[in-house]
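Chain naming follows the written order as A, B, C and D, and within any one chain the residues start at number 1.
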């Protein structure tokens, strides 16, 4: 059983994700970083599940995947919306700057 | 293969539908609403969605006493659906808050959407389902359900915050809320995973049992299982974000300012109540045994919240931002109650939080209802200057808002007084004099904020400005439904202010459910 | 189920796996080559032409000749392309196409009492597939969803307009039809009670000819699967990805030489694999019809390829006869027809299964229950379909109204709005 | 310490997971970042298989690889934000020190949970004694999918239904957000103020 190794891997991935969320400035990339965190969670859940000999961990990981899909759908919709409107803003701002 | 399938006798859990009425009504009602409006486009416009939402929420409210009689017969708590959720007084209380919030917000939203030229039943569908999530979160006896409830609640509100498709500010608010919310729920999840690893279960009652057995063997998680400890810390971060407690409050002012005001009313009342309810359920039921370990963190969060919230609220000119900071103060107060509950005064502390939950939901609903009315078309009039002379142009709104603000300030004979007093008494009971003192000072500071707003409303302005203010005040079109909503909230504030025991001892029952029936 | 990692892997297992992989690769490659020839030949005949007839007997070696020619052509990488992704994309397209083949049992004796495995001289028991993955059919779904990346990234990395449009179309199409594909697959899993491909074949073999999933699942999932599968393959009539009248060559416009050959190969390999999957899922794979088992495992091989040929011919036939769909028609077909139908049918099958188990107990006999359930679920489906139709009509009208059109649009309006939509991508 | 094969698989897939993760946060080009993300997901799927979670591994590939990343790429291509970072989250350019402090604290939490865990090496991760309360023990002889299914429809049936609500919300929300109306009379507020 490689429990601690799995948990260490998950912890590092988690921190990579958190770093990404806090430093990336592109909305899409921030969402990707959040996915990394959720994957770290899944690694943890499956490793613990195997360690405990319980399928509960895997079942929870399934729910996490479903939630991740829902989150990404909504998040990308908001990104699209903002981009669509912001682009029109950028134009007006560019005008102001030239004046 | 077929033979293999036939062999297994699947033990399908028994489902007691009769106590699940609120959840069923709200979620299925939401689906029906969107189905109906997509089939008949005539139902999209007009007040049908709002009416249906109010009817559904009202019907859920009506079922509560019936469910309570069943629950009482069952010993005060019913485990439902393979013990995934517990129906008890606490669940019912939070359900009541959710339904009340739904009714008030629908009343506001109907008129808001019309003035803004928006339409769509989707707002109401999202509200209904979000409320379902909140109920699940409060009722959950399983961390999976807690998490799913949290996500249902949050995702719907992310969308609602961004749903004013014509205001970029609303969209930016939604996006900010989404990013930070998603991050916090990811951290929350990581915490759940750690707790699962440490205890081998996701059921709150099992976790409690496991910890208790370890505890009686002389093992404290603080020294023996840092996995559990780290998990609890991460859960606190997740919940702290939802109830906007410092230092996880950074999103609050911006989102409150940008989001449509009726949605802010929902966020301040329902989302915060559900978040706090989830926090109470998880930390008191599952981790009550090791309160010693999480107590300092909660205490620090409480003090930070009241101090930062009160200090920042002072300098605000936008009333929505002002109330956002005040909501942080209120979150801090609830945490003070929880801190007290963790440090000896379990009974009074928990009870004070439960009452505060209810009180704050009522007060914030009313306050943001008033802001919606005053904000007017375009949701623009939220600067302090828009409130100059309001008492003359709209005396009714001004006086009701004044009542609600006084309640938030903790004025005697309002619900807010009892809420604050109980928390501080509980803190004193738990011998947390420092925390109690800090909370009291912060309450006084915060009171200035509300008083400033009240004074502005009743201020007799200078002649040259007066004309302008009168003009803007005269334009204010106060919808009857909005005024009704505001009236309900103000009345509730006064009723429970004068008779804090009104309607029976729900709060005591809810506390009992959390503390004794686990 | 034992842990294959901690149980240790013997050298024999590794050698066997290697041999199987090589054999499967060769079979897959040869089948693909023949498929290219077959398609050209059949399309030619259907169009009253002769087709390739010079290289080798019947022109059989034409594909090889073309491949060699492409191999020696200049490999051009556009200057505006993203070099790394541009070079990676063909492999991303080819590898999943081949990997799917690994889970298909291509031979074996499935006559009563046999489970399609043979015992090798070394004592190892093996089936005629590279890997009998525990959740094999999900592996197919996984690979088919990964296959999109090749096309998508090829179009994007070309740094050119038409390829990008082609790949965006491909992505939307693949995502849309993946759902219908998965839902009709769920019906198969429901009746077979297993996720392993060999298990599915065996479950069908037990029932003989009428045990075929095509019949057992009531034909509907079968047809949905064929339509969705054709769309997944981007084959005509769903080849909007490379509609040459609109998009030049689609996603592979900028590709040349061996990289183009790889896309070409992947496309035909995908076709063969999809045919093989359909045979496995719905036609009983290598099991024989009417009990006509012969020659042990080799008979299974013959049966398998005979059935496969049927579907390959069908794909070619589609291509030769059906006109291409318009983009909005494509989306409507996927979302408004195939997905609701396969969902509804899954409901029906589930209801029947519950009734067969006697869990309803409404009537004396289970058969009466089945009929009752069938009636109820068909009624639900009908109501659902009506409501859906109404909602679709409403939303279409609303959309048109928001564009300034008042009434139901004429054909002309529709055409105009479609071009507008396409331009927006 | 398991056997050699297990360790090798772990090391390789772990390297892929972390390399992919780093690629996501370091690549400037969103498409390259998305590719790294797929690599990372793949590594995770292999880790799942090595933990006997076959079904989960395939779901991981189908959902993450087949739907989520495709959606990312789709949006990236649709927006044309691929060559430069255009969709900015101005409001998240908040105090970097705070970000770093948060990161370090969380790292401490995540790792601290591991290495401070009492004595006993591997066993130490679950140090508090008492009966482990695993409720549905993994049965080595049964297919993974069956066990998952049984657990899903008995113990977690409520969560399963709640997921239905969640997905409904996500669908309704996503559709209503990108519905293309009202873009003409957009109210442009002043640029959002920064957090804090």
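Just so it is clear, contacts are C-beta pairs under 8 Å (C-beta built on N, C-alpha and C of every residue); 3 or more make two chains touch, one makes a residue touch a chain.
Being a predicted model, the structure only gives us computed values, none of them experimental.
Between chain C and chain D, the least number of touch steps comes to 1. Relative to chain B, the chain whose mean Cα position lies farthest away is C. Here the CA centre of chain B is 28 Å from the CA centre of chain D. Note: centroid distance chain A to chain C, computed from Cα atoms, is 31 Å. With centres defined as mean CA coordinates, chain B is found 26 Å away from chain A.
For the pair chain A and chain D, the distance between mean C-alpha positions equals 6 Å.
Taken residue by residue, chain A touches two or more other chains at 7, 14, 17-18, 27, 30-31, 47, 49, 51-52, 54, 56, 59, 63, 67, 70-71, 74, 77-79, 81-82, 85-86, 89, whereas all remaining positions touch fewer.
Shown for chain B are the residues in touch with two or more other chains, namely 144, 148, 151, 155, 158-159, 162, 165, 168, 172, 175, 179, 187, 190, 194, 197, 200-201.
For chain C, the set of residues that touch two or more other chains comprises 194. Pairs of chains meeting the touch criterion are A-B, A-D, B-C, B-D, C-D.
Residue ranges of chain B in contact with chain D, taken from their complex: 8, 10-13, 27, 30-31, 34, 80-82, 84-85, 118, 120, 122, 125-126, 129-130, 132-133, 136, 142, 144-145, 148-149, 151-152, 155-156, 158-159, 162-163, 165-169, 172-173, 175-176, 179, 187, 190, 194, 197-201, 203, 206-207, 209-211, 213-214, 217, 219, 221, 223-231, 233-234, 250-251, 254, 258, 378.
Against chain D, in their complex, chain C makes its touches with residues 1-3, 5-6, 8-9, 82, 84-85, 88, 133-135, 138-139, 141-142, 144-146, 148-149, 152-153, 156-157, 164, 167-168, 171-172, 174-175, 178, 194-195, 402, 425.
Only residues 7, 14, 17-18, 21, 27, 30-31, 34, 37-38, 40-41, 44-45, 47-49, 51-52, 54, 56-57, 59-60, 63-64, 67, 70-71, 74-75, 77-79, 81-82, 85-86, 89 of chain A touch chain B when the two sit together in their complex. Interface residues of chain A, counted against chain D in their complex, comprise 1-20, 22-33, 35-36, 39, 42-43, 46-47, 49-56, 58-59, 61-63, 65-74, 76-86, 88-89, 92. Touching chain A in their complex are the following residues of chain B: 144, 147-148, 151, 155, 158-159, 162, 165, 168, 171-172, 174-175, 178-179, 182-183, 186-187, 189-190, 192-194, 196-197, 200-202.
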